[in-house]
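Same chain, two partners: chain A is paired with chain B first, then with chain C.
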Partner chain A sequence: MSYAYLFKYIIIGDTGVGKSCLLLQFTDKRFQPVHDLTIGVEFGARMITIDGKQIKLQIWDTAGQEAFRSITRSYYRGAAGALLVYDITRRETFNHLTTWLEDARQHSNSNMVIMLIGNKSDLDSRREVKKEEGEAFAREHGLVFMETSARTAANVEEAFINTAKEIYEKIQEGVFDINNEANGIKIGQQATPTNPALPGSGGAGGAVNSGCC
Partner chain B sequence: MSVFQWKSVELFGLINLPSIKLNDINAEITAHCCNRVKAVNGTTNSTLVLCDNNGYVHVLLEDNIKAKRISFKCCYNHPPIKLCALTTNNLLAVLTQTDTFSLCISIYDLNLIKKEVHPCIATTIFPATSVATFMQAEVIGPDKLFALGIGLDKGDLLLHVGNINRDLSLNIRRHAIASSSINGIQFGSCNQQSDIKIYDVFVVSLNGVYCIALNDKGEVDAKTVLDSNKNTPNQCCTISQPITSDAFLVVGRYDAIYCFNRNCRGSCYAIEGQKQYLSLVENHLIAVVKTHFGSMLIVIDINNKLIVLRKQISSLLCIMTGNNLYYVLSKDESSKNECTYNMDMLKEHNTNIKIRTLITNCMHDIALMLLKREGSEYQNAAYVRLKYGNNLLVKGSFTRAVAEYAQTIGVVKPYHIISKLLSSRHNDNLIEYMNKLLKSESATIEHQKLLQSCFDRQKLLYRIQQLWIFKNDTTRICDFKEISARRVNISSLIDAWSHLQIADFSKADEVEVLDFFLEYGRELLSVHSTDFLKTVKSLIRNQIIKNILRFLTIFSYNAEFCANLLSDYIENGSTNDEKLHYHLLMLYLSLWRDNKISSKYIIDFIERVPLRLENTLILSKAYSFSFGNGNLENIEELKLIADEQKHFFEDNIKKNPNLASLLTTDPHSVLMILQKIYSSLDIQMKDVKSILAEKLIKNGIHAKSEIQSIEDLNYDIESKSSLLFHYKLHPIEFRNKCCDICKQPLKMPSVYFLCQHSFHKDCLRYNYHTKKEDDAGCVLCNENIKFFVPDYGKSELSSKSCDPIKRISNVFASGMDKLILSEEVGCIL
Partner chain C sequence: MEYLKSGIKTVLGGTEPGQQPSAAETVEKLVDRVYSSTLLEDRRDACRALKALSRKYRIEVGAQGMPPLIQVLQNDGQDAEIIGYALDTLCNIVTSEEFDEEADNPAVSVNVGEQFTEMFIKSPEHVTLVMGYLDEYDFRVRRAAIQLITSLIANKTRELQDLVLVSPMGVSKLMDLLTDTREVIRNDVLLLLIELTKGNSNIQKIVAFENAFDRLFDIVREEGCSDGGIVVEDCLILLLNLLKNNSSNQQFFKEGSYIQRLAPMFILSSTNSSDLEECGWTPQKVSNFHCMLQVVRALVTPSNQQQVVSACQRVMQKSQLLKALCDILMGSGVPADILTETINAVAEVVRGDRDNQDELGRLTAPSQPPRPAIVVLLMSMINEKRIQSLRCAVLYCFQCFLYRNVDGQRALVQTLLPFSPTDFSVLTMGLLLLTGLLSTDTLANWFSAVAMMHALVDNVAQKEELLRVLLGTPGGQRPITLLEQCTNLIQQERCRLQSKVGLLMLLSVWLAHCPSAVKALLETQGTMAYLTAQLCANEHDEREYLVQGMCAFLMGLCIQFNDNSLPNQRREDISQLIIKRIGQETFCNKLSEVSRHEAYSRACKQVQIRAKGASELLLDYEYCKLYKGLEALLAKQVSGFDVDGIELTELTLSSEAAALVAQYKGIIRGMDAQIQTLQQSSKDLEQQNSELKEQLSQEQSLKSQLADQNTLLKAQLAAQSPPSELAQLDNDVKLNAARYEANMYFTVNIRLTKELETLRQQLAAEKQRADAANEKLLATQKDQEDLLELLADQEAKLARYEPPATTGEAPPPPEPEPAPAPALAPAEDDRYYSCSVKI
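Now for the complex of A and B:
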């Protein structure tokens, strides 16, 4: 299926905050109550529409454990958006946000849009992190903030789509260099009807044919 | 090693086949390759090619390796074969390289080879400037074009795409792809774009992964850099089988196995170690990882994120891929013959064994997915669901358990499930299951009755809850009408209340009245006590209720109500029934104990009412009621009676030795004594007064000690709670990296102690023989305690050893500060 743009996302955060469940809810529209630990990096994709344009989201769901940090770090580069997730019922996951943010800013491109997500909002009775605290952290670090629930699907679509809108706006403003694949953005056939063919040798990057993952 | 983080269950087996002797291979094997040939009838065969140092090519066929083994010699007298590659239609490409880097490429059709010497179908000598590092051959696209890729160590790629000509060099083109040595080439799918066919070719170099799009003429249409990584070199690669438009490249690096599609990176499987071999057929990823003892064969079910086999292999030569079969060829190191190889067949267990293994390992969800994937019978899935439901029920996931049970309807007998949900705490779950069952054909009338019973039980539960609310929350008593609107049962209570207010009890029989109060009395009293009391008083005054004690038993739990009623009855009835006075006294004493009336009230009552003083005293003692000093005029008389009869009871016991055994502290015995006392006319209650008083004092002492114990326990609970609170506020972070026993990186399963010592569970078992990790706390701390706490007894014992040298060494070992040079030691020296 053809698309105008392809945005690459990365989902990061402590182990057990619900990163994989968010991805599963977004791509498959289902919730798995018992989810296995992610060992490495999982991959998902979905097509969305923004401003009448088809946009393909390719999402890397990373392992939250410290042991896999070296693997997951290599995925920062080449991502246009990041979903930084914490669990509202576990304060320590909120306390570790600074470390995650530093890691993301250090290894990603400077224009990467980061959405802060307080997941498990359905478990309000067990809440340890107030919504206001999440908002304050996001304000302080220039992030977009949302509380979501992968179980009830509340705000899950919005989280992914709003991030895509931010990226799209940045493209319109010319902030992103869309010809540089390292920014995590690719132009599809809808946006560029004729694909510029690269010479047979040398040079990296360039547009490629559209296609489904 | 991150492989231990994976869930693991053995669903594959490595079957040892008879060793094969490749006696005709009497030289070192320089290159090998294998393929997977899919026949028209759907079966697949594979072919293995081994090239030796003498220029011989040995072909082994999967069907019957011994019977179909062909060896032939390459027609050219060139240096040994350096690289070889085999297409799925059995076209073999072999490559030799001269000292001047010239490449000699020959193509053989293995389907035609029958003799020992066979001419090649195409050949060429191609000039090159660097060392050939990798070769891959395949037939691609609908036109079955012969594609050959040769990677060079400077990053160049030689590509042939087209029909085979006698002179291959006509179609070979050179492309500069990477900046480092190429160590992987995989031909992907063919995409038709209008009239042009585009072929995807994945190229892997030491520090880069590329996807190039080739057109029909073998020209590069586009190149995508999928990854560039200078820190961790790529080690080997494979392409997912079968090759479709979704086929993806799998690259092994030391830290993990990475997947790439033609556009970008995909999933990553964290398997650490140097990768020797990778293969991905359908959903099974086979990886061979080099270890210090040889190689580790790992099979991963990538759909379920599950390691399905982990086996050690030594001296691996190669792995052949077959029809869901893999043949592992390894050198037999135990054999004297150097040409003997072990052949192991890697085979998936049959479905029954797999399902049984998964259920044993509580992986029911994976078992269900497996059955679904294999299209197994519905019945099998139902039994797995039954087991899964049972497992979830034990774990406390009731809703999910019922969801699984519901899917067994029609296969599993409802009895098996109903019997598990009969407990009242599963009532809602049972209702849920029964509702689904009744929609199916297997439902019976009995099931309908059961569902009705469940509903009744639910109502009863609700009613009890409501009553609890009424009892504990007085503010809600006024909400009587509101509650009645909600509950059918409560509405019948309203009817009862209305009936009570308008009822004409004058003609009613006492038994009928009592039955009415037995049914509704307690509830009516709890919701409207004042009016209820008035009604009952009027019934008593009007002689509708004659036996008041019988009536009071209904409300025995409410002493205040009973006392009110009884006092009214005594006052208005002008009765002198002693029984009623005692009963009233007991009620007053119980109210006094609950701090509802004062001591003075009771003393006034005792003075006012003609009661036998000794009985009054016994009752007062029973309720620990004290008369105080001089409050009671007759107190002196009571004391006198007590003195006179002091030894009377003991004398009676002496006369009746049978009763002596009852003089124990056992409360049951005391009750028996009292029973006998009441039945014996010879013994009066006042006779046992002293012994009862003594008993009460003893009980008082016991009670005191119990109160003290309770206080101690409360203090203990408080201190434990504060400790827990402390841990909650100051949680301990476990960041240990190494096991404190073996000093190796921690891997699962491991045990963490609060003292910040961590161990592998296995290390604990092997080194300390602990059966459970929490058997004796932290083993290191235990050892430290042993070391620091001086064991004088032990040192004494050791110093008295028979062996003089041992004794002296023991003395020195125990430390100079503890050295007591006894006369005995002095003698030895």
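Now for the complex of A and C:
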């Protein structure tokens, strides 16, 4: 399947906040209630459409456990977008956001779009983190915010698609150097260059060393 | 060398003539110089000298030189030259490769490099230090660092992998080096990554994430794809490392459309046909091609996740990769080992995927006359002149072609049936397999029997169809069935072990779950006698044991899937035969011979048949699967028999029947509980009902009292009406009071009537509920009765199997509830009957 752009995403956050479930809901449209611990990193992919253009999302779902932290850090640099997930029914997962964000900012490229996600919105009765708190945190750190439920699929599509929209806009503005594949963006065959900086043919970009991070 | 020697001389300041210092002394002096010299030039010269010595005197340099060299790495980072020397020296010390210079040095043991590696990585900072020099752009430094790390990983893979993983951006940094424009560096990094990615899925995933697939395909294309040099092979080996047993990367590879980039590489350019055929396949191209085929197989090998396999298979069909592979298959001038591996790859690409299987089935070979490719492949399978690996590959391909392919299985059996147009000039699949089965080549017998067996796997319909196959006999006597032929072949004196094993596997798969095949086998001449003789035999040959075990399995199948339609060959009869002639213990012992044989564990490991020599071709994966599923059941079945007959307890019921009984028990138990709750609730409701009735009667009596009072008051009112003024006034007051009182009574009356009404309604509702509950209760009771009847019926059936005078212990009553013995419910009866048949 041809695509105009390919974006690489990572999903990060504490263990058990529902990262793998979000991915499964997005790629397979199903929910798995049993917590199956992610070992290292797992891969998923899906095609979406933005602005009439086919965009392929390649998503790396990382393990939340501390033991895997050094492994998951390797994925920050090459990603164009990150979903930073916490669990609205567990306050500590919200408290750890700062650490996650620092880690991400330190290892990723500066243009990486980070979407803050409060997951498990279906469990409103057990809520420990108010929606307003999430909004405030996102505002403070310049993130996009959304509450989702991997169980009911509420806002799951939107979370992934809005992140892609944000990246897409940055490309249009010329913020991303799309010839540098280390940014997590690849141009496909059907891209019509709206940005003068784009090469006509696209495809595999040249061998450019990563300038950031 | 002369230059180096003079270099050493200048460094050491010359030695006294006639007295050469020993290597250890020289190294000591040099080490001292590296430590203590203040001038960079002196340290650099000493390092250069150490490097020169390190190849010949590895032990001396390694033992003393490691600390000063590490010190150089720590302090002299600004001078590329000295760092280059230090890294090179370390690399020479730790490498596992043996240098020519040290070949005659007995002190150098094989794993000296490994020991020095262990010493070096004892403190992880050393590795981090070397990793740091990867950032240095200088050619000497970067290349030496890469080579050193490669050697370290090669010696201590696991430890180094862990160190690289925890070093910040370690893998990513290494991946960046792949874009180095200097080819030498790039090629060295490839070698490093090959070592690094071995057996570590986390590193494999990070490498893939860092665009390794793109990079590798770019390099392969630049280097001329399969016609390219060793760099292409290195790229493909790395690719293979990334994909093998790594489902995440496999999925990424598929999603990233890399199969589409792989597919064109398999297209052999048609320009270099005829005269260039021979020289087209250089040894390097053969290696490259081999790796490419391995990459394909890594994606679709049966041990991968089913989901990934089928997704990749679909893409391989759409991207014409399968077609390209088939073209190679039918092409000419392809080297034998490439052909073999291509057949294996095609096998795995089509396995279990109907579209791909159909594509292979439609493929025609460019032969005269044109024949289906499958037929041509089978021809080489039964041809004893072909190499064994190729014949194995064809069998693998054929079994993958038939795997979950009902139409393919039917098509094969059809070619054997008498009414099919039998033009013997046209070679068919079935005909070839028959030829192989009757051939004098024992391997051809084995291959054909196994191939035929795969047409019957999980397909009872074809098992029955194959029973109808008739073969003409040379003497012009009556034609015999294929099954008869098989049993005759086994019994022949000249039938060799491998052929026997093949035929026994074919017969076992044929008989399993197919009572009519069991019947057919029991009707053949002498088969049971032969099997009994085999089991009684006391041969002390390991390979004979295997055949005996397989005979026991076949005999067990004759009991398990016997429909008792042949007098004297019923389950009881065969079991009596076992008890009296073989003994239950012996039988079970012999049965387990199969799983004890080394061929069994070898065959169970993977779907593909792997054999080093022809003699290793014994058991097949599907047969082992069947055996694994039934072994315990057959053993239990046989040991459950009694000397006088079958002891049919619940234990000897087939697993389905036992499960059914357990299920019914569960249902009855559930219904019992339901009845109790319903009875309780109905009692409660009755009580409530009586309470309400009482309340109602009280209210009614109250109401009648009030009505009486009311009329009394009215009467009083009417009586008290004197005309006098005073009395009038007095009367008015009284009247008012009375009116008030009357009003009050009236309202009370209304309220009570209303209340009465609601109570009546409530009562009616409760009555309704009580009725409903009663109804439900009745229904449940009826259900329970039915079930009890059923159970009783089953018991009766069970009892019927017991001989009237049992000497063994009586079977425990399977059902604790007392049940009336009702007439049989016909539908349930059928069900029971079919259960008992499966025992």
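Basically, the second predicted complex is superposed on the first by the 191 of 213 C-alpha atoms of A that agree within 3 Å, B and C clash if a C-alpha of one lies under 4 Å from a C-alpha of the other, contacts with A are read in each partner's own complex, and residues count from 1 in each chain.
By our rule, a contact is a pair of C-beta atoms (placed from the backbone, for glycine too) under 8 Å apart; a residue touches a chain by one contact, two chains touch by 3 or more.
Small disclaimer: the values here were computed from a predicted structure and weren't measured.
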Contacts of A:73 with chain B and chain C, given as first, second, both or neither: second
Between chain B and chain C, more extensive residue contact with chain A: B
First (chain B), second (chain C), both or neither touched by A:40: both
Partner chain in contact with A:7 - chain B first, chain C second, else both or neither: neither
Chain B versus chain C as contact partner of A:145, first or second or both or neither: neither
Partner chain(s) touched by A:107 [first = chain B, second = chain C, both, neither]: second
Residues on chain A lying within both footprints (that of chain B and that of chain C): 8, 40-43, 58, 60, 70-71, 74-75, 78, 181, 204, 207-209, 213
Chain A partner contacts - residues on chain C that touch it in the complex: 165-166, 168-172, 176, 179, 181, 201-202, 205-206, 209-211, 214, 218, 248-249, 251-252, 255-257
Of all residues in chain A, those that touch chain C in their complex: 1, 8, 40-45, 56, 58, 60, 70-71, 73-75, 77-78, 107, 181-182, 204, 207-210, 213
Chain B-touching residues of chain A, taken from the complex the two chains share: 6, 8, 33-34, 36-37, 39-43, 58, 60, 63, 65, 67-68, 70-71, 74-75, 78, 92, 181, 186, 195, 197-209, 211-213
Chain B residues touching chain A - in the complex, by the definition given at the top: 2, 5-7, 175-177, 191, 193, 198, 211, 213, 219-225, 228-229, 245-246, 255-257, 259, 261-270, 305, 365, 397, 400, 731
